[in-house]
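Two complexes, one shared chain (chain A), two partners (chain B, chain C).
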Partner chain A sequence: MRVNENMESTNMKMKTILLTTAAAMIAAPAFAASHMANEMTIVSWGGAYSKSQLLAYDEPYSEMTGTTIIHDDSSAEAVAKLRAMNEAGNVTWDVVDVVAADAIRLCDEGLALVIDPDKDLAPAPDGTPASEDFGDLLVSECYIPQIVYSTTFGYRTDMVGDTPPTDICAVFDLEAYPGKRSLEKRPINNMEWALLCDGVAKGDVYDVLATPEGQDKALAKLDTIKDQVIWWNAGADTPQLLADGEVVMGSTYNGRLFSVIEEQDQPVAMLWDAQVFDLDGWIIPAGLSPEREARARDYVRFATDTQRLADQAKYISYGPARMSSAPLVGKHAELGIDMAPHMPTDPNNAKNTFLYNYEFWADYRDDIDAKFQAWLAQ
Partner chain B sequence: MAALTPISRKPLSFVLPILAAAGALVGLFFGTANGSGLIGIVAGAVLVAGLGYAYVEVLKNEKTALWISLAVMVVLGIYLAGIPGIVLGLFFGWFFWWFTHWLFEGRYRARLLPYLTPGQVLWHYSFRVICGLIFFFLVSPLVPVIWLSFNAQDFFTFTPEMLRFDPAGYSLKHYQDFFTNGEWQRSFKNSLIIAPIATVISVSLGTLAAIGLSQSHVPFRRAIMAILISPMIVPLIISATGMFFFYSKIGNFMEGTMGLDKNLVGYFKVVLAHAVLGIPFVIITVTATLVGFDRSLTRAAANMGANPVTTFFKVQMPLILPGVISGGLFAFITSFDEVVVVLFVGSAGQKTLPWQMFTGLREQISPTILAVATILVVISIALLTTVELLRRRSERLRGMSPA
Partner chain C sequence: MSDTAQSGPVLAADGTPLKKSLARALRLQKTRALLLIAPLLLFVLVSFIVPIGQMLWRSVENDIVSDTLPLTVQALKTWDASAGELPDEAVYAAFARDMIVAVKAKEHTKLGTRLNYEQTGISSMFRQSGRKVGKWDPVADAPFKQKLIDVHDGWGDINTWRVIQTHARKVTPGYFLNAIDMRLTPDGATTQPEDKRILIKLFGRTLFMSLIIMGSCILLGYPIAWLLANLPMRQANILLILVLLPFWTSLLVRTSAWKVLLQSQGVINEILVWLGLITDEGRLVMINNQFGTIVAMTHILLPFMILPMYSVMQTIPQTYLRAAKSLGATNWTAFWRVYFPQTVPGIGAGSILVFILSIGYYITPEIVGGTKGVFISNRIAYHISSSLNWGLAAALGTILLAVVLLLYWCYDKIVGIDNVKLG
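Moving on to the complex of A and B:
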């Protein structure tokens, strides 16, 4: 009897377990489906930059809406991947962070959605419409700029003697500043700097660069330092080379140099002269389902409002793209130092600047790229 | 081990040149590190030969010689390299003391057969040195990786503090970052989900294919074999591109028509793609073990009334198990290390460790990658050691001595 009772209770238990499991198995996909509906993939550059976006945009947005945000650090190959995804009819990205030149290409190819700034983006707190708040920075109708960054030089303070460089031409001056330099492995920026230091006036640089003679002139100037150059591909290379003391100076993005100088405490200083401004911002890929598109628009509207852009500057030294955000830029979240003097747009840093010439490079990039690569291989 | 050969002392004309050469070699490295290789060669040769002469001709006492040797080398080490020089000094002091007496007393012959010619003795030791160098060549790249993973800075740089063995230069923060950072944890979890499932699929399909292809009555065996192992031969980037379009269509169908969860479909695609890459390894290793498999065993089993399935699990499988396991290990490592295919086929939800390391290396050179690499090395060593121990144990149980 007793044994039987025991058996029965065991049976009962088994049944309960089985039933619960079955219920769970039926419920799981339903739960997963509802869970999935509120999950979005955001593509960005990785590193400190993604971290600043995570803290300034994603965490508040998740808290507000309950959306789970997954990061994919694939911005470097965003154009190629978006093309392939579109061809395969399987776009897995919801919002993509790209530089302006890539956004223009994606927009031309119809791979990015057109945005109406005044309708899709939040106005400034004082009611100024977004199109005026962003102003000239709206370089493409698919593009919502986020930050202004610059490509500029950093140098080792302990390797330049008593006269630290103040002029971009120090890069080409091997006598005053001997040692290796790191430059990006592409013609953009390098050609402009070379012409500038070869006596071409700033206003004429692109006119000269449009002619084959001008291109040869720039390459000839680069030739004078060619055997002292280490060419970089990723933004993290120059900080590593500077920290190692392998190069005396090198170009990279200003936020990377800020991190080397202030956060990592390395003996490095900025050479702001002839820094080249560029933009970074969002596009929404074409081909999303209506609900995903609506969520992507909602996210972008939230992430590019005045307060959010100002918040990002707490974590990384890139200038917010909205005029109304500039007065709100405060102190670094961990170091507690004022961020304004570290912005590329600060008047002290922006005495002599270049704005990346999108039209010129869109027209001439392929030709000059080919010439540059051939020159590199010589 | 007892001595095989009676030994006798060697003349100084034999000992001193060898000591000088060894000293010159070590001196070359230290000389180059401190500015001049040539001075290093000369100083090293003179120092080591001089010390050797002093020990065996003047001192004639091995114990005292050891203390002198250690003291001289440690002082030299501190002079050249500071605190870390002590470690190097202790090592080289002991080494040259041992090397001098090993040569002088003729100990190097003691354990060799008495009839070997000097040439054979030389080759005996040269062979060991060459083996050691090959081992060094294979393993040495790992040492800086492991060392740098304890860097207190966020760069791949040996800081002066690290070289001085100052505790302030070391930190476990990159390990902490790995264990607390959500992106790293997610990718680690994904790797642990994808690799074992892909391995199980590759092992099952690959073993079946190998057994089928070993049957003599199967037509077009060579052609089928060539197709099955083609994923190993075709450049990975080509298969990855093809897989991307192939699995996109399947994925769209499963998500759209069958209404499956997006993440589930993502895992499904990556697991299948990795299984395809692992299958050739299993086929090759299992085919190799099947060569030594005696077919009459299956006939004997059938004769005794076992059906083919029982025969497979009870007779054939235990005998080809070593091939299956090593094939499975290869398949696991292929999936665990794979970055190209997952970059194409997977979406961010299926990000694996190699993917995270790849993007991390490109966008931010962070020593967290080195910490992860160190952890993976430790896991691999533990895995291989376990397999080897299990193999020895099973051989012991079967009454064989470990080979």
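Moving on to the complex of A and C:
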């Protein structure tokens, strides 16, 4: 879900325009409030992910309110573009889908509106206020989480012999599992996994990684497999490499692996061990006109209520960010399979998970990235 | 007629002096010409010169520290960092006042991000402190020194204050130093630690690989251009379409096609294994390295080399070669002494185009470059879109621009820019 989520979206801004009929506008006069803009631009990642949002949030919302929704698949460059728009004094986006780390930066830069969860977001059906329903996932005061996804490994079932890997350290075990691996071309997650497999206790990983010795230790561990790694930039790379048999295992977002396994029926299985949870969600850009801001707030309130978040899981295997949505998760809309076991948050998958430390990476990202890139270029 | 010389200035038909009238007509003409090119001039100014100027400016601009912490910067002027003692209460009080204002304007986290480029950890210091300091009162809550250190022990670290003091200047050489693997420390400019040096290496690699790409474009393009210029019209047209065809295909498609061809389970390796030329274990590594980048970029940039060469070759009469041969030259001599020198302007134009295009190339190295085949532009893109360190990105871009201009100047000195023909 990070850099260049899918190639087709980086270059093309596939703008789908959802036009609802005038009839819908008349049918729902209560929502066609005059102080809200009638058109909004929603920015997301494109591909299957945008499709799940379109079906779960946008179509029902347009039908209910008569709002015209324009889609822009620019989330991969959202932070830089929003900053540029803000400097130019012309923000053209109304709601933007970003990962948590980007939301924190947008909030730091004053580019996103501060949200009061209990005032701005819908409570759970049983009346639990939103701040409790989202709980710890509200990692920034500007951020409204939508889904929990994880970065985890998939492996080729036909290339691992009779003992399929069950442990994250299989990635570093070239003897038991020879062949190439694909890892993301950035330090985040890779450094943590390297330390975990170098004997660092889970609770100490970030303390160790904060020291230059710890960073060297992690790079030394990665050095043991460096020759066998294909580094990826786009979330679609690993699924493709797995399908081609180019790699024996590789990291990517769990939803991507779900579609390789369940939709494309490839001989691939999930290695959920030490999956790293991360969030994806909405921010509302700062600097909108009052009408557009009101529309954006209204949309976000609708799109992050309990039912809508549960609906999205019908189309993609990411876990809803609200606790109250979990029991409502049903079957996949087309495949008809039960979605709950494919959620990263399912107890069977989440036996050993790793929590991404946002604060740590906000501080150390540039420093460690410089080292990581220098190491890569050696 | 003979007495015109004595009757003062020559007059035009309407009685004004001819000189004046001529000047007016010329001025009118010039204005008209200027008006005609005004749209283009404005366009170039707005879309090219202004953005580049802004980029150049961004690479040294550093208002944020002194704008966000004006009182602190003032107070720090009298602090002697080398004494090894923390600043006194006056500095802390000034800082608290600045912060209270900055938190209200939500500027403190921006400053934290800026200073985090210089010292890792400052970003969260500002974010965490902002929550508490924002609620303080600049008068009632004094003194601040101990209070700030209690909020975050980073404020008790002498280095924090040295960093603020060092980077308080409104115009900084810091980004340029970073761009050449150095950094601005309180003790002056020093080199980056060895394990963080990468940018010089990338600059060197970008130039080196661009030269190789340019060279392979010349080698591959020259015979094709020659064929184009010398085949009968019908065949030449078909060939020209084949040369232009790649232009009509998306860059991403062409790059991805190389991926399919070159990867270890790819078409070329499969054929070689099938032919028994290599073993299944010994598949060639042809992608995600420099080789992959050079192959894919040579393919993509080849038309930019062929077209200028072709248009120059087309103007060379075939009779020259025949004349040379009739005077007793061998095939080689006729080519090397007569034909080749006349094609140099085409090679020059193609080389400049290909070289300058490849120096700034981004997407192809990103896809097929792996770790060893990426260019400086990939790093610039990272700093623009991921790390948001636009100052450093601007400095890198400025250096790249300077390198290109320098090479252009060298080229002009050696080959002469008048010798370049695009057609």
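Just so it is clear, the second predicted complex is superposed on the first by the 341 of 378 C-alpha atoms of A that agree within 3 Å, B and C clash if a C-alpha of one lies under 4 Å from a C-alpha of the other, contacts with A are read in each partner's own complex, and residues count from 1 in each chain.
Just so it is clear, a contact is a pair of C-beta atoms (placed from the backbone, for glycine too) under 8 Å apart; a residue touches a chain by one contact, two chains touch by 3 or more.
Remember, predicted model here, so these are calculated numbers, not experimental data.
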- Look at where chain B and chain C land on chain A after superposing the complexes, then choose clash or fit. clash
- Between chain B (first) and chain C (second), which, if any, makes contact with A:T92: first, second, both or neither? first
- Can A:A362 be said to touch chain B (first), chain C (second), both, or neither? second
- Message: A:A377 in the overlay: touching chain B, chain C, both, or neither? Say first, second, both or neither.
- Response: second
- Which partner does A:A236 contact after superposing on A: first (chain B), second (chain C), both, neither? first
- Message: For A:I70, using the defined touch cut-off, is the partner it touches chain B, chain C, both, or neither? Pick first, second, both or neither.
- Response: first
- Item | Touched partner set for A:R301, first chain B, second chain C, both or neither | neither
- In the overlay, answer first, second, both or neither for which of chain B and chain C A:G47 touches. first
- Message: According to the stated criteria, A:Q264 is in contact with first (chain B), second (chain C), both, or neither; which is it?
- Response: first
- Task: Considering only the touch criterion stated at the top, classify A:D244 as touching first (chain B), second (chain C), both, or neither.
- Result: both
- Query: Superposition on A: which chain C stretch among 93-101, 273-281 or 399-407 collides with chain B?
  - Reply: 273-281
- Task: Indicate the residue numbers of chain A shared between its chain B interface and its chain C interface, in ascending order.
- Result: 76, 233, 244
- Considering the complex alone, what residue numbers of chain A touch chain B? 29, 32-33, 36, 39, 41, 43, 45-48, 70-74, 76, 84-85, 87-90, 92, 233-237, 239-240, 243-244, 264
- Message: List the residues on chain A that touch chain C in their complex, please.
- Response: 3, 7, 11, 76-77, 79-80, 83, 105, 107-110, 180, 185, 216, 230-231, 233, 244-246, 359, 362-367, 369-371, 373-377
- Query: Which residues, counting only chain C, touch chain A once they are in their complex?
  - Reply: 105-107, 109-110, 112-113, 116-117, 120-124, 127, 192, 195-198, 201-202, 250, 252, 256, 263-265, 288, 366-367, 370-372, 374, 379, 382, 384-389
- Query: Within the complex, which stretch of chain B touches chain A?
  - Reply: 153-157, 183, 244-245, 248-249, 251-252, 260-264, 347-349, 351, 359-360, 362-366
